[in-house]
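Both of the next two complexes hold chain A, though its partner changes from chain B to chain C.
Coming up: the complex of A and B.
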């Protein structure tokens, strides 16, 4: 394989596929890397192999991916499946691992399209077997058709929460209870944005239909939940939850939690790019311009990894970056670049019309990260909230220093699971503005590789810097 | 304008340890640090606490420092994670063994007996997982390792509790020297005055000296490290192999910390390091060759720390050749962590015009031929 490509796209979801399609359509040499065995990312996961029943259950949002992937298959863009990227450098070097072999490759430009991850929120019992992300269970269903065995208790909020719930009810999963953590004031606050959002009436109808369906099936649905715990000896057996009506319990075989999606900033943090804080969604996102370009000329960020906007906008964001790069690489004359970008931007803006409503409606609850001292925050290194608070009270001032002292975030996942919680504790304890805090520093390899694999790393023959 | 007896630039371990000792001697000290908290060499080093294989000039200080490490709780209220599992330096061939034999004789002729020559059988007992070539080696049985970030925090906290006034986010950007001493300005608008100024700015030592038009031969260098996921316990002492770039230790929690002075790319103006994976590949091969048990170890993180390295690999300690009242204590050349508790004590005496417990002459900047 050639060492130098015009564009390396990391992530084969809607944003990455669209970027690759657009760029290769403009004559650029594109390679797409994705750790999954199949194209599609999270949203269109495994869609090429989906059967009729799956397609029916997952609906048109999923089905739409087929068309995109077909176009991708017919393009000149190359796809490397099962390729886990573990390092990216500012000059466009990308290191990835495939089937136990790591290699280096370079792109004149790198488009990061690695999407969003479920927000990880520690709560008592969150490490018990049987407690899982709702989105992860949805992904499992897409890739292998497996569904959880009930009674399944759902807790959380957000569009993905509702769609997963919808899929699981359609599949006939036994649902013990649905604990909706959406703050009850959100709806009122979101109403002013409703008119702009009305053109996606289909979403609202779908959501409403799903809730009606729950009622029809007699599934317990509790609103205004402001906290929960998982209990059990060897795995989850029971969930307790609190609302203004006090604490209640429900039996659970599986406990599925989802508190919204957050951009995956692993690589943008690794690259030392500037990040902004979204106060409403309470997450960091990389600072980019209107076409996804970052302060490092080689690096672009598109899709939910730039900001969580969902599938359709991700497709448009991917194209925007591709067109901009095509301009830079002289594959597109300036005037047609300008016209195309303007068109795409208009499209994006109209696709984002429903977002303000959704974003306010699903704004996370304010006590999301209020945890007791006993709550385990870092599962890799087994650090509790109390230990973190003690370190802060003894003088640690930011997340990176607290990490060095407590080891919270130093384990295998490099803080992907505990980073937000750690930062939120610092914000709380030191009365900080989130913007005055720092997300955890990332270090390569961003995904673990074995020492033997590193010792066999295949590098360019002519390395330049 | 704030006034103190002494201003120290750089709140790494060298600056903090010096500040602590001066505060205990009743001096008013300002400690200026450009970061929100010191996060460079002192916080991210390999944590090796080693007398073994020291440059002969450094041995007296290193030996004295070693007596302090087991007493850290009394000194700074934390054991600093110090573990005294020994340090081992292996001779892979006859030539290395000859070299090390001579070395130990040299060390003993200075009156120090911490380095012990051992045979291959003893190495096997000490490091059973070692499968590389071995003709014997040298051992310092009460050497060990500690936790850098924890050590730095403990020193810093203690220094502050002893009255040191520490200023964070305070990058020194200009220094003037007049009749009444130094006036130091920081980028965030701070203005500080003192009679005595100590340059403890590590890899930035040359930059600080340059503010007063002095040249120090310190080369900022990014040194690479890697750490693995937890492994079952297989190793107690810290291990190095003669002639090979390997420094290897297993921490209490089972993670394995791998160093060996592999260099990363460094853009000093941005303070940005980029790991050189060609070097990391070599490091991984070296580890595998000597410790096959490590093949399946999972690498969790690599990083690089910025250290000041001098032309002769010895630190610069002493009064400026050019500006009286200015002291340089920097350029510890990748082995300042172990020395730091003792350096603070010696430098505190030096700047107060007292005779230090141990001579520091060998580290004077005058040893370099470069014109001032």
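Coming up: the complex of A and C.
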């Protein structure tokens, strides 16, 4: 494989595939690295192997990925599956692991299309087997055709929460209860954004249809839930939940939680890029311009990894970055670049009509990270919220100091599961503004590789630093 | 914890989990195979508290699905696809030979 490519795309979801096929269509040499075994990211996971039954149940939001992937397959872009990127440098050097072997490669430009992840929110019992992300189980169905065995209890809020719930009811999953954590005041706050959102009447009808279906099936649906716990010995057996009516219990074989999606910032933070804070959705996102360019000339960020907008906007954001880079690499004359970008930006703007409304409607509840002292925050090193608070009260001033003292964030997931919660505890305990805090610092290797693999890393013959 | 929704897969492979053979569709991940076809509820034991653990995120982030695959520990079972003859074991505590 050539050592220097025009563009290296990290991630083969909607944004990454779109960026790759657009750039390759303009004559650029593109390599896509993706850690999943099949193309499609989470939204279009395993779509090339999906059968008619699966396509019917998951509907057009999933099915339209077939067209994108077909176009990608017909392009000249190259794809490496099972390739886990573990370091990216500002000069475009990318290091990845595939089948136990690591290699270095370089892109004139790197497009980060890492996507979003379900927000990780610690609560008592969240480490019990059977407690999973709702979106996680949806993705797992796409690639394995398996469904959770009931009674399945759902808790959370957000568009993906509702769509997963819809899929699971269509699949005949036995649902024990749905615990909606959406704060009830959100609707009022979202009303100013309603007129623009009304352009997407289809989304409203879809949501309403889903809720009506729950009622028709006689599924227990509780609103205004402000907390929950999982109980059990070797796996989840019971869920308790609280609302203004007090604490109630429900039996559970599987407990699926979803408190929204957040951009995955591992690599943008590793690269030291500037991050902004979204107060409505309570998450960090990298600062980019209208085409996904960052303050580092080589690095672009597209898709939900830049800001959670969903699948269709991700496709457009991917194309925007590809066209901009094609202009920089003289693969596209300036006037046609300007025209194409303007067209894409107009498209993106209409695709985002629904978003401001949704972002406020599903604003997370204010007690999301108000964990009890006994709650395990760090799943890997098993550090409790109480231990973290004690370290802060003894003088730790940020996430990194607290990590050094408590080991919170020092385990195998490298802080991906506990990082947000750790920072939220600091915000609370020290009465800080989010922008005045320093989240966990990412360091290479950003994914776990063995020392043996690292020592045998194949480097460029003519390295440029 | 999981069950197959449909059985119309083109190809199957035979895998071995903790010494027992299972036939599973060739397109699925190790984690999915263990939690459905092998009928298991946990895939590892926490190195800190020795409590049972199972996959949580199914997309390669949480590292709760680490298992021993073909003798190599610390493999992410949720992003590795099954292969014919694959030998899979639970990861019990530390992978580096440490004891609980």
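Here is the rule we use: the second predicted complex is superposed on the first by the 465 of 465 C-alpha atoms of A that agree within 3 Å, B and C clash if a C-alpha of one lies under 4 Å from a C-alpha of the other, contacts with A are read in each partner's own complex, and residues count from 1 in each chain.
We adopt the following convention: a contact is a pair of C-beta atoms (placed from the backbone, for glycine too) under 8 Å apart; a residue touches a chain by one contact, two chains touch by 3 or more.
Everything numeric here is computed off the predicted structure, so don't read it as measured data.
Trainee: In the superposed model, does chain B or chain C contact more residues of chain A?
Mentor: C
Trainee: Report for A:396: first if it touches chain B alone, second if chain C alone, otherwise both or neither.
Mentor: A:396 sits against chain B, while chain C stays out of touch.
Trainee: With the two complexes superposed on chain A, say which partner A:448 touches: chain B (first), chain C (second), both, or neither.
Mentor: both
Trainee: Quick check on the superposed pair: does A:132 touch chain B, chain C, both, or neither? Answer first, second, both or neither.
Mentor: In the superposition, A:132 touches chain C alone.
Trainee: In the overlaid three-chain picture, which partner chain does A:95 touch, first (chain B) or second (chain C), both, or neither?
Mentor: First partner only.
Trainee: For A:361, using the defined touch cut-off, is the partner it touches chain B, chain C, both, or neither? Pick first, second, both or neither.
Mentor: In the superposition, A:361 touches no partner, neither chain B nor chain C.
Trainee: Let me test your reading of the model: by the given contact rule, A:417 touches which partner, first (chain B), second (chain C), both or neither?
Mentor: The answer is second: A:417 touches chain C but not chain B.
Trainee: Which residues would you name on chain A as touching chain B in one complex and chain C in the other?
Mentor: On chain A, the residues that contact chain B in one structure and chain C in the other are 381, 411-412, 448, 450.
Trainee: Taking the touch rule as given, give the residues of chain A at its contact with chain B in the complex, in rising order.
Mentor: Residues in contact with chain B: 87, 89-90, 95, 104, 272, 381, 394-398, 400-401, 404-405, 407, 410-412, 414, 443-445, 448-452, 454-457, 459, 463, 465.
Trainee: In their shared complex, at which residues does chain B touch chain A?
Mentor: Per the stated touch rule, the residues are 36-37, 39, 43-44, 149-150, 153, 156-157, 160, 168, 228-229, 253, 265, 272, 274-275, 277-278, 280-281, 284-285, 287-288, 294-303.
Trainee: Considering only the defined contacts, which chain A positions touch chain C in the complex?
Mentor: Interface residues on the chain A side: 35-38, 42, 46, 49, 51, 53-54, 82, 84, 100, 117-118, 120, 126-127, 129-133, 136-137, 139-141, 143-149, 171, 234-235, 253-254, 264, 379-382, 411-413, 416-417, 448, 450.
Trainee: For a test of understanding, state which residues of chain C touch chain A in their complex under the given definition.
Mentor: Listed in rising order, the residues are 1-6, 8-9, 25, 27-29, 31-33, 35-36, 41-42, 46, 48-49, 51-64, 66, 72, 74, 78-81.
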